[in-house]
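Common to both upcoming complexes is chain A, partnered first by chain B, then by chain C.
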Partner chain A sequence: MNTLSSAFLRYSPLLILALAWEVAARSGLFSSSALPPISKIAAAWVDLARNGDLAGNTLASLWRTGAGLALAILIGAILGFAMAFWRGAETALSPVVELFYPLPKSALIPVTALWLGFGDGSKILLICMGCMLPVTMGAFNGALSADRTLLWSARSLGASRLRSMWDVVLPSAVPELLNGIRTALALSFVLLVSSELIVSREGLGYLIGFLGANGTYEGMFAVVLTVAFIGFLADRIYEAFVRRTLAWRE
Partner chain B sequence: MSGIVVEGLRHLYRPKRGSPVLALEDVNLRVGDQEFIALLGPSGCGKSTLLYLMGGFLPVESGRITVDGAPVSGPGPDRGIVFQHFALFPWKTVLQNVLYGLERQPMAQAEREERARAFIKMVGLSGFENNYPSQLSGGMKQRAAIARTLAIDPKVLLMDEPFGALDAQTRHLMQTELLAIWRRTPKTVIFVTHDVQEAVYLAQRIVVMSARPGRIKEIVEVGLDKADPELTRSRAFADMSDHVWSLVRDEAIKAQAGVGL
Partner chain C sequence: MAGISAPTPSFAARAGQFALRWSLVIALFVAWELLTRTRTFTPFMLPSPQSVSERIMRDASSGDLFINMALTIYRALAGFIIAAMLGISLGLVMTRNAGLRWFFDPVISVGFPMPKITFLPVIVLWLGFYDTAKISMVVFDAIFPILTATIAGVRSVEKELIWSARNLGARERDVMWQILLPAASPQILTGLQVALPIALIVAVVAEMMMGGYGMGGAMIEASRKADSRGVFAGIIEISIIGWIFVKAMAMTRARLLFWHAER
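Let's look at the complex of A and B:
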């Protein structure tokens, strides 16, 4: 109960913002297409939810982010650890990482569309490629941050070299790795929506573009707010997961 | 030949940047079974390096180190180590930390648990089995680390300034307890410190080292009765401390000057 009321207090500015929005929209200062009242947006949201547009497109988007992120985390972590453990991998990969790290990942949207078309494949590949590097860097830096006295302790307690890597280096890398994944998570939403806006016939980004182009601005705002909420929810869930995983840090 | 034998040991420290530094030169030392030895010297004298070489954590490049006649070729459970900053696995509880070494020994799981709990009790940490290291004070962390090392019953105990990060009261308590443990379960102990009183209080022999390059300057037989509760207030203790300090002082001054260069 206590946490519930403190959460309510914490997010109460949002309520005030919504109220101000409603008042401003109804005051006639803005055209109703530029700033539809929140109440109308809510009504449009209910319509979109009823006719199934929202659920269908949300599912398509979630599948793309989920699959893209999962691949990015898997491949990114393997590359990062390979670079940390094996000099050959570092020599081969670090110039590639350095080159692609500062690249605005949205520049890859036309590239992946060219390769895989307008469907799920191009979005998944885009998110995978775009989100991989923060995960790689997290795994790499995390593994390098392992304290040598921890490794030595494991070895003198009877662990083999390989075993001590597994037992010490991997857990040592977890905090940095989780940080990298958090960056990847935020990036994945950016890439998802922008690619769906440009080259897609399905998904929340597509729906935003479609409703906007048709002049159905209440609906467009409803989907934009939905995307914001999903992003917020994903971040909260992820943070709770991180807090649980890193409970030992206090 | 039983015990630890160091012969003609020389070690180059190669920093990532800059030129190599001669960390140890012509070190010769024999440590008998169940002997308590202190390696004493100013920072930079290579005493920790010598300890790490005995532990097998650093490769012996020139000279040799044998334990019971066998050359040291890597770390092993026959030589337990305790570090200044505890080196507990932060993601494991106290019990899981102490179990880590036991899990690599051939015994039943129930026996491992029982043994781990017994050692946790011995260092006075009963009730904290399920705490993470981050929830413990410095002294408690070092107790946990000592329990983890002693639980696998190493023949040799390597200690790298183990009480250096603790406050004065805790340090004194831990020194007393370490001596008590050593009397109950005698082991060969190599104890690295830069604290003269600590060395005189704990060790049977003190290996005084000089800096740059690290060499053995003198080996002092302490010859005091460690069981005497009044030991630290005795005349003999004060005289021995003065004597050892006089040996270390010049080296400390040299090391200080070296820092300024």
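Let's look at the complex of A and C:
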């Protein structure tokens, strides 16, 4: 009960903002299309949820992010560890990473659309390509940060090269790797929404554009807030997961 | 940054090292050329390096390239600078004022992990399709890393420094300018280094969605016309801007923080 009321106190500024929105929208100072009252946005959300538009497009969007992010984590982590373990891989790959790291990932949107069209494939490829490098850097830096003396001790106690990698280097790389994945998670939502806004016929970003073009602004605001909330929720769930995974460090 | 004691390697040795280091990049370019020569991919899917570079030259000689680049850089930088000024000052004030902290803490902790780009259609609705809207979107997105870095930086300043300054008669304003801001500057710069690429990404997305001049607008138009050379030329041009931004930021950091032991 106590934690509940303290959480209420902590997040009360958000309630104040929502109230201020409602009052400003009802005051008639702004046109109702530019700033629909929150109560109407909520009603529009219920409508969208009822007719199935919201669920269908949410599923499409989540599938794209999930698939793209899973591929990015898999390939990115393999690349990062390979770079940390084999000098050859590092020599060959680090200029490539250096070349592609500063590329503003949003520039890939038209290319993936050109290659794979407007459907799922282009979004998954975009998210995979865009989110890979933060994971690679996390895995690489994490593996390098492994304590040398621990590694030497493992080797001198008779652990094989592969075994000491698995038991010493990988666990010590986990915090940095998880940090890289968190960056990738945030980036994946940005890429998903922007590509769906610009080139798509399905998904939450598309739904926002569609409702906006139709002039149903309450609905548009409802979906915008839904996407923002999903992004926030994904980050919080991930944070909780990281805290549990890294509990052994305490 | 090469070691002072190491003898300068011969030109041949350096060239060899360079070739080895960049071999995969060179191999990628060769593969690109070969894949287009052998028609493994159609020129539509993967235009040849030659045709892409010709396209870049053509854009440069017609002047379009420089107009588009200048506009994108202007929008990204204007948004970045406004975000930096707002973010750093709000961050500083928040660490000094409990009321502001109470109000903005939850707003930041909810706003930071949100995909702000979702609000792009709302910003278009409010501010229209021109620079104001594009720059506002950049500010909205770039301010969060700067703000959180400033708050974290000021919080990590050693209390002894602040107490000593107060003891020696420094006023609140002196503490802020002469102790807090310099001592927090490494973390603030890290925040700025995170925010600058975000500013460019967001500027490009905003241009893609709203159209008009600018790198993003040019690329999306090329994509709609199925002009793949234009799309690939755009990627290379935008990457060059991104690369310059990252390097310039790193140089600024090295220059401003020459006194700070960096790892």
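The criterion applied here is as follows: the second predicted complex is superposed on the first by the 244 of 250 C-alpha atoms of A that agree within 3 Å, B and C clash if a C-alpha of one lies under 4 Å from a C-alpha of the other, contacts with A are read in each partner's own complex, and residues count from 1 in each chain.
In the analysis below, a residue touches a chain if its C-beta (ideal position, glycine included) is under 8 Å from a C-beta of that chain, and two chains touch if they have at least 3 such contacts.
As the structure is a computational prediction, the values presented were derived from the model and not from experiment.
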item: Chain B versus chain C as contact partner of A:Gly212, first or second or both or neither; value: second
item: Partner chain(s) touched by A:Leu150 [first = chain B, second = chain C, both, neither]; value: first
item: Touching partner for A:Ser106 - first (chain B), second (chain C), both, neither; value: second
item: First (chain B), second (chain C), both or neither touched by A:Tyr11; value: second
item: Chain B versus chain C as contact partner of A:Glu90, first or second or both or neither; value: neither
item: Which of chain B and chain C A:Asp235 touches, first, second, both or neither; value: second
item: Which of chain B and chain C A:Asp47 touches, first, second, both or neither; value: neither
item: First, second, both or neither for A:Glu22, with chain B first and chain C second; value: neither
item: Chain B or chain C, by number of chain A residues touched; value: C
item: Chain A residues contacted in one complex by chain B, in the other by chain C; value: none
item: For the chain A and chain C complex, residues of the former touching the latter; value: 10-14, 16-17, 33-34, 91-96, 99-111, 113-115, 186, 189-190, 192-194, 197-199, 205, 208-209, 212, 217, 220-221, 224, 227-229, 231-232, 234-236
item: Partner chain A, residues of chain B touching it in the complex; value: 52, 55-57, 74-77, 79-81, 83, 85, 87, 89-92, 100-101, 104-105, 132-135, 148-149, 152, 154
item: Interface residues, chain C side, partner chain A - complex; value: 20-25, 28, 44-45, 102-107, 110, 113-122, 124-126, 197, 200-202, 204-205, 208-209, 215-216, 219-220, 222-223, 226, 228, 231-232, 234-235, 238-239, 241-243, 245-246
item: Chain A residues within the chain B interface of the complex; value: 147, 149-150, 152-159, 167-168, 171, 174, 247-250
